[in-house]
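Okay, so subunit A shows up in both of these, paired with subunit B first and subunit C after.
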Partner chain A sequence: MNVTICIGSSCHIKGSREVVDRMKELVNENGLSDKVELSGAFCMGHCKDGVCVTVDGKLYSVSPETVDDFFKNNVLAKV
Partner chain B sequence: MTDKRIFDTKVQVLKYKVLKEVASLAWEDKLLEHVLDIPKTIVPGKVPTMRCCVYKERAILEERVKLAMGGDPDNSNAIQVIEIACDECPAGGYEVTESCRGCLAHRCQDVCPKGAISLDHLQRAHIDKNKCVECGACARACPYFAIRHNERPCIRSCKVKAISMNEDFTAHIDNSKCISCGSCVYMCPFGAIMDKSYILNVIDMIKKSQNNQKYKVFAVVAPSIASQFKYAKLGQVVAGIRELGFFSTVEAALGADMVAYKESKELSEKGFLTSSCCPAFVDFIKKNFPDLAPYISSNLSPMATIAKEMKRSDPDCKIVFIGPCTAKKMEFRKSEVHKYIDCVITFEELQALFDSKNIDITSLDEDVLDNASYFGRIFARSGGLSDAVAEGLKEQGIDNFDLKAVPCDGIEACKVALLKARKRLLDGNFIEGMACEGGCIGGAGCLTHGPKNKAEVDKYGKEAYEKTMKDAISVYYIDNKQE
Partner chain C sequence: MNDLCAEIGFKSINHAGEELCGDHVEIVESDDGNSAVAVLADGLGSGVQASILSTLTAKIISTMVSSGMSIEQCVNTVASTLPVSPERGVAYSTFTILNLTNSRELELIQYDNPLVIMLRDGKNFDYPTEEMTIGGKKILRTRIILKENDIFIAMSDGCPHAGIGNSYNFGWKRENIIDFMEPLYYGDYTSKNLSTILVDEVYGLYGGEPKDDATALTLKIRKRRQVNLLFGPPADPDDCDRMMSLFFSKEGKHVICGGTTSSIAAKYLGKKIKPSLEFVDKDVPPIAELDGVDLVTEGVITVNKVLQYAQDYITDNELYDKWSVSRDGASLICRLLFEEATDINFFVGRAINPAHQNPDLPINFSIKMQLVDKLTSCLKQMGKKVKVSYF
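Our next item is the complex of A and B:
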C-alpha cells in the first residue's frame, strides 16, 4: 500500500510534518513497515484541503488531530 | 507597471522590454512570425533616444532579442558581450585632468613610486604611461582630485580580471577566467554585456505540460526573493508564478537547510571546508585555486539539493529555478545538476514573464510559501550560511568541533581568504564564499539592490513555520531512503 503525504507549503503550515511523524509511528507500532510505503509529494494540487494524503491514489484530507482515526479507518482496515 | 520603480537602472528596463516582447509572442506561438518586428516595437519612430540613430538602436535590439532567445550557442558562457552595444569607453588609466592647478607641493610627483610624473613649464603634472603602474597613489595624493582613473566600468566590476579589450576596442570576456557572476552585466552603463535567457525553454516546458497534466512544472525560488518584488507581497509573487502555469513553488531554502545540516557534519569530520552553494565561488576556486578544490564541500548547492528530493518524489516533474543569479545558468548545465534542474531564470526574467501574460500580481490573492527554516532562508545574505552551519553542529550535538567561520562577502574577500588558506595562515576552518557583495541579495539578476535587503531576508527568515533545520528537513526522511 502506498501512502503519500503532501509536504508542500500549504499542507506544511497545516501540520504535514506532524502527520508524517505520527504516520511513521503508527506504521511501526502496527508492524506494517514492509506493507505500507510512505512517501512525500511537494504539492498535490488540492491546497485548500490539506493536509492532503493519498492512499493508493485516493485523496483524503487529514490533520494532526485526525491522523489516528484516519490511519485506523483507511490504512489499518484496508491493508 | 512603469509607474512603480521595479528596476534599479534603465538598462534593466530595456532588457526587460525585450524579454517581455519575446515572451508575449512565444506564449501565442507567434515568435517566428514576428521576431523581426520586436526592435521596431520597442524603438518606434525616427528620433533616437539612446544611440546615434534609431537604426543603430534597432540593430542593438536585434542582438538583445537573440540573447533573450538563448544567445550564441557557440559561446559556452552564460554571459555574453553585445559588441555593437559596447561604447568603447575610455580606458587610458590614470590621467591628469584640466583641474590640475600646477601647485607647488607636487604631492603627486613625490608619492609616485616609479618616477612617472613630470612637470611642464606651468608646473602642471604629466604621467609617463611607459612608467606608470596604475597604482593610483598620485590620484589619492592630489588635493584637487585632478587625477582621474579612466577605467572601464566593466573592467572595474570584474574582480576576477576576465575582461579586456579587443583590438577594435570592444569588451572581451575571457571565458577561462569568467565565473559568470554577472557583475559586469549589472555595471555596464550601456547594457553591452548581458546574460543569456532561457525563458523560451520555460514557456515551452509550461505549454507542453498541458496544464500540468502531462507532467508537473515546479518552480524553486531562491530565498533572496524576500528582498524583491517589493511592490507586492511575497504570497502574491508565488500566486503569480502559479498564474504563469507552474504547478507549485518550493523554497530553495529547504535545500539550504539540508546543505547546512550535512555540511556541518562534513566540516567536523574533515576539519576544513569551503562552501559549495555559490556556483561563481566554486568556479573561482576551480579556476584559480585548484589545489584547494578538494576542500570544497561535497554537497550539491541548495538549488540542486531540493530539486533532487523533488525528483525523487516525482521523477517526471520539471523544475525551474528562479533566483538572483546568473552563475546558476552555468551551474544547471553541469551533468550532476542538470538531472535535477531543468532550467534557470532570474527575478528580472520572472518580472518579464508576469508582464508578458499581463499578470498584475498586486491583484492576486496570496499563496503560501513555507517549507524551510529560518536558517535555510538566511542563506540569501552574507553570513547566513555560517550561522546555519553553526546551528547544524548544535542540532546534531557535535560539540567536539570548534567552528571558526570566515564569511566572505564578495569575490575579493573570497580571494583573500583562499590565499591565506593556501598558505595555512587563515584564522578559520570554514570559508563561506559568496561572489556577490552582500550575498545572493546582491546578485546580478535581482530587480533591485538596496541597503534594506538584508533586513528583509532576516524578517522573512523569522517568519518561517519551522524553527529548526532538523524539523524542516524531516520531510526528506519520510520513506527512510534519504542517503
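Our next item is the complex of A and C:
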C-alpha cells in the first residue's frame, strides 16, 4: 500500500510535518513498515483541503488531530 | 577573460558598554563590480567621538580613492576635515585602504592599523612595503598582482590587543593571528565568515568584554561561479517551455524552489520527482530529488527562511552555525547562494497559485514578490551580481 503525504507550502502550514511524523510512528508501532510505503509529494492541487494524503491514489484530507482516526480507518483496516 | 573576482566581508564588535562602534568600514564598488575600494578606519577613543572620526575618514577616503584621486589628496583632505578632539587636542583616525583594480591588482595603503595579513597558497605571505610621508604621517604602500584564492585580512588594533592582561600578557600578536587564520585558508570560508571567525575569537579573548572596538575586513580573490534559481511557475502556462529552456541552458548549478515549479521542470526534463519525508528542520519542508537539478525545495516557506538567514548574515552573522552545517532546504540554498555563488540568476514566475489565494493562508502572491526583492537586495549587499528575470 502506498500512502503519499503532501509536503507543499500550504499543507506544511496546515501541519504536514506532524502528520508525517505521526504516520511514521503508527506504521512502526503496527509493524507495517514492509507493507505500507510512506512517500512525500509536492502540491497535489487541493491546498484548501490540506493536509492532502492519498492512499493508493485516493485523496483524503487529514489534519494532525485526525491522523490517528485516519490511520485506523483507511490504512490499518485496508492493509 | 578575467574570471576572478573579489569577495569582501567584515565584522565589527564594540567596546564593552558602547552603543556605537569606533571602527568603520566603507566599501565602494565600481559599476562592473571588478574594481572596489574598501577602507577600514579606526577612530581615536571609543563611542560617539571615535565613530564620527572613523566614519568621516572611511567615507572621505573611499569616495576620493574610487574617483581616482591621489593618496596625498585624500590624506590632506582627511587631516583638514576631521574635528579636533577637545580632550586630546588631535584629530586622528588610523586607516587601511584596499584598492582593487579589475580583480587583478591590489594596492594596499596602510596608516597605523595592524599590518594587513596576506595569505597565499595556504601560508602567510610577506609582501614588500614602500614607505612614504604625507603631512607628517608615515604611510605604507604595496602593490600586489593577485592570484586566485589570495586572502587579505585588515584589522583594527582591537584585534591584536585582545586578551591583554587576561588571556595573553601582550595581546594576541600578529604571528598568533596568522597561525589562527592559516588553517582556515583551505576551508572555503567566505570573507564575511573569515572576518566573523576572527572577531569571535577576539571577543572570547577579551572574556566577552572587549576593551576596544575590534574589526576584521577580509578580501578574498576567487573564481566567478554562477548559480541559477527558479522560483514559481510563469504567469502564462504557454511560457513554461521557454522559461525552462532558458533556465537549464545556463551554466552553473540549478536550484528549483516550489512544488508546482519543480513539477513543471520534471515534466520538461522527462524525469520523476522524488520528495523526501525527512524534516531536518521543523520549520522547513523537506527537499526533493530530481535528476538534472542540483537542489529542489518547497517554495515560499523555504525562501522566507533563506531571507531570514540572509538578513542575519549581512548584519550580526549569528546564525552562521546553523545554515553552514544543516541539511534542510533553506540551509542548502544559503550555502549555494552565500558561499558558492558569485553570480546569481533568478528566474521568477509570476503565476498566481489559486490554492494560495485563501485568506486562511499566510502566503500569497505579493509576499512571494517581496521575498524576491528583499533577497535580491541582501545578496547584492553581500557583493553578489544578481540578475532577476520575470516570466
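Throughout what follows, the second predicted complex is superposed on the first by the 79 of 79 C-alpha atoms of A that agree within 3 Å, B and C clash if a C-alpha of one lies under 4 Å from a C-alpha of the other, contacts with A are read in each partner's own complex, and residues count from 1 in each chain.
Keep in mind that, in the parts below, a contact is a pair of C-beta atoms (placed from the backbone, for glycine too) under 8 Å apart; a residue touches a chain by one contact, two chains touch by 3 or more.
All of these numbers come straight from a predicted model, not from anything done at the bench.
Asker: For A:E37, is the partner it touches subunit B (first), subunit C (second), both, or none of the two (neither)?
Answerer: In the superposition, A:E37 contacts subunit B only.
Asker: Between subunit B and subunit C, whom does A:R22 touch in the aligned arrangement: first, second, both, or neither?
Answerer: The answer is neither, since A:R22 touches no partner chain.
Asker: Output check: A:K48 vs subunit B and subunit C. Expected answer is one of first, second, both, neither. What do you get?
Answerer: Touch partner of A:K48: subunit C, not subunit B.
Asker: In the superposed arrangement, what residues of subunit A touch both subunit B and subunit C?
Answerer: Looking at subunit A, the two contact sets intersect at 5, 7-10, 12-13, 16-17, 20-21, 24, 38-43, 45, 47.
Asker: Per the contact definition, I'd like the list of subunit A residues that touch subunit B in the complex.
Answerer: 5, 7-10, 12-13, 16-17, 20-21, 24, 37-43, 45, 47
Asker: Residue numbers of subunit A touching subunit C in their complex, please.
Answerer: 5, 7-10, 12-13, 16-17, 20-21, 24, 38-43, 45-48
Asker: Using the touch definition from the top, list the residues of subunit B that touch subunit A in their complex.
Answerer: Where subunit B meets subunit A, its residues are 212, 216, 218, 238, 247-251, 310, 313-314, 367-371, 465-466, 471, 474-475, 478-479.
Asker: Can you check the complex and tell me which residues of subunit C touch subunit A?
Answerer: 258-260, 262-263, 273-277, 279, 282, 285-286, 288, 298-301, 353, 355-356, 358, 361-363
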